[in-house]
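Which chain is which? They are A, B, C, D and E, in the order written, and residues in each are numbered from 1.
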């Protein structure tokens, strides 16, 4: 097996993986979601993960971000084995995730959701003693972040998230991850519900995040998007990594053919 | 890794149109409106104002039926005294209900704590402040037990608190030997325990420290729920625990602390209870569970979690208190009072829903 | 395991009256060398739990059952089953209906208990009795037999026309300000008193179902400064209640003797288990009257009573 | 409109690779496994088997502590008799809980119906079958009232049934004049009402028609819940009412009928109650609410709706019944019985959770 | 205003609209989701609805399918005014909808969800008297429909829907609507969570549905898909219909420009 992917010619090969997984297994009763899956993410790269519906992509990143504890397998961060028991552990390690289910609290406002778990407190005694929140600041920043994403149609920043349209919700989740990630940002189909303009902004945001030196994992079914911005593409199939390809050496058709099993990759992973 | 975007496909062609796209930023509409619309929007933005309207309407209704006896300052402040205990216990219950839980042990914790305070302060001759503190600690301990069972063993709160209700109540009967401590003895040996029963006159109305204490507690909890991160996390956990966990909230820690806090509030309720009835009785608090849940639900909270406000609970308790007091003052037989309270609760909540719908 | 088993089924396990009754039974069981199994209803009026308890005692092979029925009529079929299984059944505190459904009854005459305090109140108020304003603090809305007997006994003793003696609240007398319910607790007593005071601030006499309710009523009166000029009467004879008589909180109370009932019951079962006969009823009554004592520090003329000091030696806890 | 696809953009180029895509159809895995794994999968596929295991364990535990008295056929069938009422009422409660509701009025409906059957059949001299039928109709009417308030006025079931509980209970006390109807009188004038109390011997165990009736009811409801569209819709409504409505289910109709059905089941419970107690007491059923909800929750249902099974409820009721009976036969003081029941309920549910986790 | 859209040259113009809406308004507190929106759907056509996130597309189709009752405005079916009080009314009129939220019951199985509200009953007495379900048949058909959509990774037809992957859930919802629609099928972003292959199958399914003579309303953010299969494109902006274009006369760039407000259409609707 070639852990660094097939056909890589990029300089990143020389650096050590930032986040790595080996032999992850996750079973649900009769269903096997992850079947000895491997994963490698290098510093500063955009890694796309593609695969059929139900291939196990979301399960993979849920394992990487502490949202599920795999039945077997090992995860390493900077080469050191880690055991994330909860998403908080992963966040503490600088890994921020947009889940496919978005993980928003429906009855809280947009601003509350953006800052959930890392609220800003007032300065002065009110903040330190009374632990009072700085709601003004949080609302202002939330508004800024959403405007950056071009979600201009949000009319009221104190609207409950449950009253937002599908795309608006996704925008809130993406804005949250981008604002707080410090090492890795994982995005599970971040543009699925987004419009053309908003999707474009998210792609720009991803590039921006990479420019800030973070690594990005992007799960997407949108081939043009994937081939446009990914540095490497991890192809997932039937619960495991089939192969990793370089978007410059392969065409979208190749990728689709690998993904759907129409063609076998030259070197099969695992 | 350097930027390697040179040899790759560009954005899809049609997206180029975006460059010309409008770049208007998010609009946050601020308009002026007619008074009725203003009221509508006020109610929409302040959902707790709705039960308050229902409360005012009930007071007005009883005032016109029963007359000045009901509307006297004295009687109105009496109602507040009468809902003190349920207000305090309801505050604890509100916190639990917001997290999508339910606490059937609040009454048992309260009476256990009052008995412990009383036994220590009166029969064992401990200094009253110490007895009080130990009582509060026991409340925290009971809450912690609930909390551990809910968070570590992942048991449904209904089962946990149903079980601990039996446990705490049995302990209470055993420790007290089912014996009441008389008001006179409490006054003699540990009058601090009765402190919350002290009356105060404010603008001609007679309150007790207990009712003022309850109002202060409600205010404090309002602040915590609405102005601190802990409060927001409570709502998030109740709303969708999975989402909250994924968002990086220590849901177990939040849940555990909320049960502990509820236990402490119940112990404070025990103090208020001693103030109100003077004596310390192991039989007290038997209706506290249902009454507190009723106050919470009449106040607009959802038993499914994530929704509810502490002010709503207070108003809910007051609504029920007004009904009971008003009916008692009118000349209705106790049996039909029960009947009428049933209807009034339904009507109050229906009215609440209706106002919400109209103002939506 | 060879000791004969005696079952004790009380109305609830919270009311101190029954807790003391249980303690009395335990002592008597030790003295008589029998094994005591105790049960209780969950709330006042809970007949199903008592039926289940009887069944369980049959299954456990008990020799005798002492029961304070929550529903004197409804429990009868279960009692019959027990008796058919050869078990001696004795009603304590409250007779069954019909009383002969039990082998024996050791009970307080609750109507008499009420009547005594009613008479005492009428005599104590003297001429003012005709203009008295009376508040009645009852147990709950269910009108269970003890509640009715005490309330109606009090009114009878005070000289008020009862209407239907099996029903609380159908009296027409203008002196009655109102009935309210207390659940027999301090909390309930205080709230009921407060509300009745709002209805008529001139209340001068308060009847309470038991002494905890009386203590709660007293707190309400004290908070409006009426504690000195309102007369409270009650029923029970628990030690806190007797002390409250001594302190002038309660004017008079009718004392019952739960320990005596329990002890007599256990003895009877023991006798029965050893092949002896069944106990016989007090003359003129269909039950063994364990007696009622009026307790007051202000005795009324022509009314037998004991003072609180004497009562403290006999109170039940 | 004819096919006009000629002049338009074809599928994106990369999608052409799909034509070569594998066309394997959906796989539905069937494998053979080791016995332990088989047990695991059995438990996974039959979640109600888990409380059944807990029940067996509790019976075994009490059997070894208390001895043959507990394990006697007579005693075990006694336990079934003792849980008859809670089994029936729990069946009604299960239906409501599955729809994410709660019914606090079940006990009041039951006692009201029993009093009406008794008054009509005994005091008014109506033919017993007619009295029974009218009782069932009243049950349906009470349920319909709950149903209307829940569906038409959109009130929370907790509030509605809390209110109607007071209403029905007051009506019951008023109609019965708080008087119990003697068993002898029922037997004389309307013995049909006591029919469910008739004992039958099956394989040496003594059952009553009442307990057989309860088992039949549970079976019937199991069929409805699992094998008819109505049952499936009940789960869908409880699971996510919005989704159910969008999927085209008449959620209001389902909810309304479930309250009516629950009312009728409570009336049947009244019949079983008369059979069990013999006499007809207006004091009955006061603990039926909490007991039935306990059975439902111990049986594995979620108070949030969408999850729960009728067999689970029966097992839940039996577990609690076994605890109470077993403790009664062992020599435990009544005070500590309560204490022990509290612990045992918690332990039973914890055990249940643990088995589920292990088998997941 | 030109109710039949701008630049239509198709023969469908001559037939009367099947489903029509005029002046729909929906307000939520301070938010206006529909602001006098119009809508026309002709028999047998595929009408795409595109627009920014939060433009009000979902609100529009929720109004058309009875899921929400508009504050004002009129809906006509075959020219006759109708008032759908619930989705059931719309279903009875032959209108089947895939909602953006999917409207699945999480704890029911795939087969149960597919047949929710129109379960198959056993033949014979068991079916008519006992009203017993024919679970075998429902499972078989559900499996067939999913296989048609290429959701081959579903491993167990009795799996709860809540345990399915995002794309698998969407597949179930689409399969349900396609199987039961008789006049109009409305799809709100039916391919958002679907993979390349599954999306393609859904598009084929849509064409298939049109071939069966039904009209289809397709909301999508995927321009290539929209331009590939739509007969007309309804552009929604700020709560109302901006215009309707013919995909043969306009380019994707034009559509994106209209949608985002970069360019105004020649004839503004309403």
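Here is the rule we use: a residue touches a chain if its C-beta (ideal position, glycine included) is under 8 Å from a C-beta of that chain, and two chains touch if they have at least 3 such contacts.
Since we're looking at a predicted model, the values are computed, not measured.
Common neighbours of chain B and chain C (chains touching each): D. Most remote from chain D, judged by the distance between CA-atom centroids, is A.
Comparing mean CA positions across the assembly, the chain most remote from chain B is E. For this pair, chain C with chain D, the centres built from the Cα atoms lie 38 Å apart. Centroids built from CA atoms put chain E at 39 Å from chain D.
Centroid to centroid, with C-alpha atoms defining each point, chain A and chain E lie 29 Å apart.
Residue positions 13, 141 of chain C are each in touch with at least two other chains. Multi-chain contact residues of chain D (touching two or more other chains): 12, 14-15, 18, 21, 24, 29, 170, 173, 335, 338. In chain A, 28-30, 101, 151, 153-156, 196-197, 223-224, 256, 260 are the positions where the chain touches two or more neighbouring chains simultaneously.
Across the whole structure, chains are in contact as follows: A-B, A-D, A-E, B-C, B-D, B-E, C-D, D-E. Across the interface of their complex, chain C is touched by residues 69, 72, 74-75, 78, 81-82, 85, 170, 173, 177-183, 276-287, 324-325, 328-329, 331, 333-335, 338 of chain D. Against chain B, in their complex, chain D makes its touches with residues 100, 102, 149, 153-156, 158-160, 162-167, 169-171, 173-174, 290, 293-294, 297-298, 302-304, 335-336, 338-339, 341-343, 345-346, 349-350, 353. Across the complex, chain E meets chain A through its residues 28-32, 51-55, 58, 100-101, 151, 153-156, 159, 163-168, 171, 189, 192-199, 221-223, 238, 256, 259-260. Residue ranges on chain B touching chain A, taken from their complex, read 1-5, 7-12, 14-15, 18, 21, 24-29, 223, 227-230, 232-233, 235-236, 239-240, 242-250, 306-307. Interface residues of chain A, counted against chain B in their complex, comprise 10-12, 15, 42-45, 67, 86-88, 91, 97, 99, 101-108, 112-113, 116-119, 121, 130-133, 135, 143, 146-147, 151-157, 176, 196-197, 200, 203, 207, 210-211, 224, 227-229, 231, 247-248.
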